[in-house]
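There are structures below to look over.
Look for chain A in each of the two complexes below; its partner is chain B in the first and chain C in the second.
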Partner chain A sequence: MNNSRRNFIKHSSAAAIAGILPVSLVRIATGQPSQDFSFAYISDSHIQHIRGNQFVRNWDRGLISAVAEANLLDPKPDFVVFGGDLAQMGMREELDHGYELLSKLNYDIYGLLGEHDYYLDLGEYWSDVFKREHYYSFDHKGVHFVVLNSINTYDEWINKWETPLRRMTEMSGLDNPNGSPFMLGEKQMTWLAQDLAKHSKDTPIIVLSHSPLQHIYKGWNFWTEEAPQIQALLAPFDRVNVLYGHVHQIQYNQIGNIAFNSVMATAWPWPYPSTYSQATSHLPVMTVPMNRADPFSERDATGWQLVNVHSGRIDVEFTLYDNTNRTVGFDAAAGHPVDKTFQDPRDRIIPQKHY
Partner chain B sequence: MKYLIAVALLLTSSLSLADEFTNEDVERWEQQYEDVAAQGRQHFTDPALGGNGVVCGQCHPNAANTHPETYPKFQKQLGKVSMLWEMINWCIRNPLQGQELAADDPVMIALQAYIAKERAGVALAPGKH
Partner chain C sequence: MKPACILFALSMASPLALAQTPPLGLPPVPIPADNPQSEAKVALGEKLFNDARFSSTGLIKCATCHDPLMGMTDSPLLVSKGINDLTGTRNAPTVANAAYNRTQFWDGRSADLEDQSQHPFINPVEMGLENHDPILATIRGDRSYTRAFDDVFDVKPEAITMDHVMKAIASFERTMISGDSPFDRWYFGGETDAISEAAIRGFTVFIKDGRCVSCHTIEQDHALFTDHKFHNIGIGIGNIDARVPSLVGAFLQAKANGADVDVTVLTDADTSHLGRFAISEDLADVGGFKTPTLRNIAVTAPYMHDGSLATLRDVVEHYNNGGVTPADAPVTPYLAGGIRPLELTEQQIDDLVSFMETLTSPQYASGGTTR
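And now, the complex of A and B:
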């Protein structure tokens, strides 16, 4: 497909990757360096079963690359987060094959649910594979992590389909008007409030969700129904960071003390919702958009992330296979995340128009 | 003489029909387009269009990022000025691992009808990258 020497080398073997990748991890000095750490974030791999032992090669390659590269990090990250949508149609074959690829990681994995993992059997087999509850929390080096199942929806919608496969098929189409908005649901909202209440307001919080905990564009479920209520629960904490997948594109913004960062997909990129001319959407204002993806370079605009945690705030280093790597990090002086290279419009490379 | 009158009648009757159409006609023609665009949406989201179950809509929700208004244009990766259907065939061949369609295949026409419908109202920008 893309036969440049660079890409041939890049994709040929993990050993070759070690020689050429700029895998650097800069720990930012803070008052409490012992509290600084990093973790890798891989998301949206959409492993897709064709038949028998065949899977869509393109999506496999994205996850295989991310896993191989994450293993080369030095210093080592403390763990890996898998941000949801390991499978495309929630099938056992896909979750098994995807987790087999993830099992090459030399680190512990914290998984979260995406809608593509969920709507066939409502997350049952996903829990068997990841050995995780659908939502949970944990503490790591002074930071409180909250892992949400943000892709739940109304019971009425869940129960209206004649077969689980039909339900999965309807939810798997991003733009399908028969779909349904994502949400936590009452039970999980109560759990979230109780979980947060156990922590003092100066505890750094990192929330991991599949969908954005803000209202960006409902038509593609760049959306979580209870976003305003969730933000209200998080607002009293001094330092809150929300990381989300699902959108397959770089987004970031700040609401009060809450810094939002999206992560990339390993499978394929999505256009910004603003490029759909028939509807209005709300791209977070601080976001410097990604360049338009080149479909002839099949890994372009896909990637994975290294997240550096320092003083309760995060920097997200994007490894963007066939594109310029980017870092979006919290700027203490500005009080919000910024692109470390391209935030100032004068520093941007030649813009590509997003038609 | 009779013959001439008959010819004249035929001419006038056919002429009067040529540039006259009713609202019913317009609705029918528009409905023809809507039906084909709807079929295009079906193909755009049909796992059977390609060979590996991947659908167009997976990367192009609401056909976004297909920018039909920029064709014909120089498609740098194909090395020539190309039409949208050639790019659709590239997608069917590569990410969808399927068989190309003829330019006038009803499925290819339906796909383009759907893509254009999702982009209605956007100004033509032929040749733009």
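And now, the complex of A and C:
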């Protein structure tokens, strides 16, 4: 079911639905059902400056659509997360123009850094625009949110380039022998451990990062170097949800109590790493991949999402342009996220065999 | 029967033959398994299609807005006119080749011709009946009808239902097939001089710089000129952009409370512009409308779901502007991804119009409006 309808029903008959839910689903002490809420998630817009007041139109339009549609949600989400890579080359023009488009949102915005925002000036102008630190945390209706800067890397690598633009360009390359893996770095890891230590283990946690906090494919930085250590810090909590951008495709996974969900880009689609056959990759096996984008549909395999928080677990409803919308949500019985329509192999759309 | 209808009927091949061997440029007509074609059923459907007694004023029939003289539309009206000169919100889509549509109406709110045919009778701005009962009463009281229904469906008068009426009308509509246009003779028939040099140049614009073929598709052995999908191309939505959030909220509220979507979208101009969203409730469908076929387009002006563009040249300029008319109007945030400024030359625009004028089938060539 689509976003607006789903929410409308939730809105108009919440009491009726609550009355028929099995008791086992409504027992949790913190992040209570009475405090269920939603937020919109827009990511990876890659606003790209050409010259003067010209920007790449297609990337602009993707962000403009997502913003306009998120404003139509009813009831209103509590806030919007922008998941990083607002800019393409970290330029002031791009961040200014991108934030101007974002600011049409009728909601508060929590931003996080992507590598395309960061490697020109190491996130300085991004902080001015978003009015946020590079990493921070906040609490909302019983849920603890942790916002990471997961696209940091070795100081040595950062300092070795003759110009900031060269550094930005190298980091935006893929399968680039001059590249460097994403990481939090020692200082942020310490902060994360201290921040989490302040919360009881039954507090629902939602971590927002740009890159996957998993090792999926290093060549494209579907990767965060300290992923095992971060997972170890999160493991003691009963309910942890990690949302990440960067990959421009639907991925989801479950490791212990940690559910992982990716979000879509508004800019362009990206193939799954398995299509690059020269190196091994580790797409989580439970992920039902997206069907191949139709190259004649300019927005196919782009989109944005509404995230519904229920008792500390999340459903991600994807608005997918020129495609079938999908919902990937935590399934209490299965103990991991499932696609609400396509999880069973028999329910999937058969790949096109006619070319 | 009016002379025009006789002319039209004469140009029609046998409905059974049509389904199997369609005219040049078209695929076989899809016929639902539960509603096979027969000569008698088609004749009954045609009679129903042309019967004005099925409207509250006794003056409006299906053919009022789907006139064979006007390419099965009510050209040159911007939006259709029903009982007591009441106007709707949408430009009448042609019935010609509607048999190939995967959904019916501009917003696809009906799945097939059978379902579609029942709605205009009871829409307050179309044929204005309270319900379908008067139709069945009229039919049961008319011996030519009762004989025909008995012949076609093997039913006694009291057993005639709207289902039979809908099936007969749909069967008739499935004979409204028109290919064999100059374009078809040129492209599929290999007649090199069937269309002008300008039209040939226009075809190149159509499949290349104009990007038209992305949605108005052409296949290897036929062309329906539609992808059957819904796209926001920047028509009408500009009038309501700022009010979309409140319109969406109000519409969903009304729909949840049982409002008839068919009535709402045809009686409220603002809500009408929400397009496919009113049916799918998918936020990505706001202002999206079905890609119409381009066959016989030169005789069915004006254009777009609200009839807001008067000529084919206006249409090309709208696309050339990147989905806005006039050129300096703001672009809707809900615009489809495929719509962007085209930077066509004046020559290319003229050629593209010439190309579209080659899509008129022989049976509609003498009627309708032109550029």
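Descriptive notes on the structure:
FYI, the second predicted complex is superposed on the first by the 319 of 355 C-alpha atoms of A that agree within 3 Å, B and C clash if a C-alpha of one lies under 4 Å from a C-alpha of the other, contacts with A are read in each partner's own complex, and residues count from 1 in each chain.
What we mean here is this: a residue touches a chain if its C-beta (ideal position, glycine included) is under 8 Å from a C-beta of that chain, and two chains touch if they have at least 3 such contacts.
Given the structure is predicted, the values throughout are model-derived calculations rather than measurements.
Once the two complexes are laid over each other on the shared chain, residue contacts for A:Tyr276 go to chain B alone; chain C is not touched.
In the superposition on chain A, contact is made by A:Asp74 with chain C only, not with chain B.
In the overlay built on the shared chain, the residue A:Gly173 is in contact with chain B alone; chain C does not reach it.
Legend: residue contacts after superposition of the two complexes on their common chain; A:Glu298 is shown touching both chain B and chain C.
Judged by the touch definition given at the top, the superposed model places A:Tyr321 against chain C, while chain B stays out of reach. Judged by the touch definition given at the top, the superposed model places A:Trp220 against chain B, while chain C stays out of reach. Of the two partner chains, neither chain B nor chain C is touched by A:Pro289. Within the superposed three-chain model, A:Ser65 lies in touch with chain C and out of touch with chain B [touch as defined at top].
The intersection of chain A residues touching chain B with those touching chain C, taken from the two complexes, comprises 58, 296, 298.
Only residues 2-5, 8-9, 12, 57-58, 61-62, 64-65, 67-69, 71-74, 296-299, 302, 319-322, 325 of chain A touch chain C when the two sit together in their complex.
Taken together, the chain C residues at the contact with chain A in this complex read 214, 229, 244-245, 248-249, 252-253, 256, 280-284, 286, 333-338, 340. Within the complex formed with chain B, the residues of chain A that make contact are 1, 46, 48-50, 54, 56, 58, 173-176, 219-220, 268-271, 273, 275-279, 292-296, 298, 352-355. Note for the complex: chain B touches chain A at residues 45, 52-54, 57-62, 64-65, 67, 69-70, 77, 90-91, 94-95, 97, 118-122, 125, 128-129.
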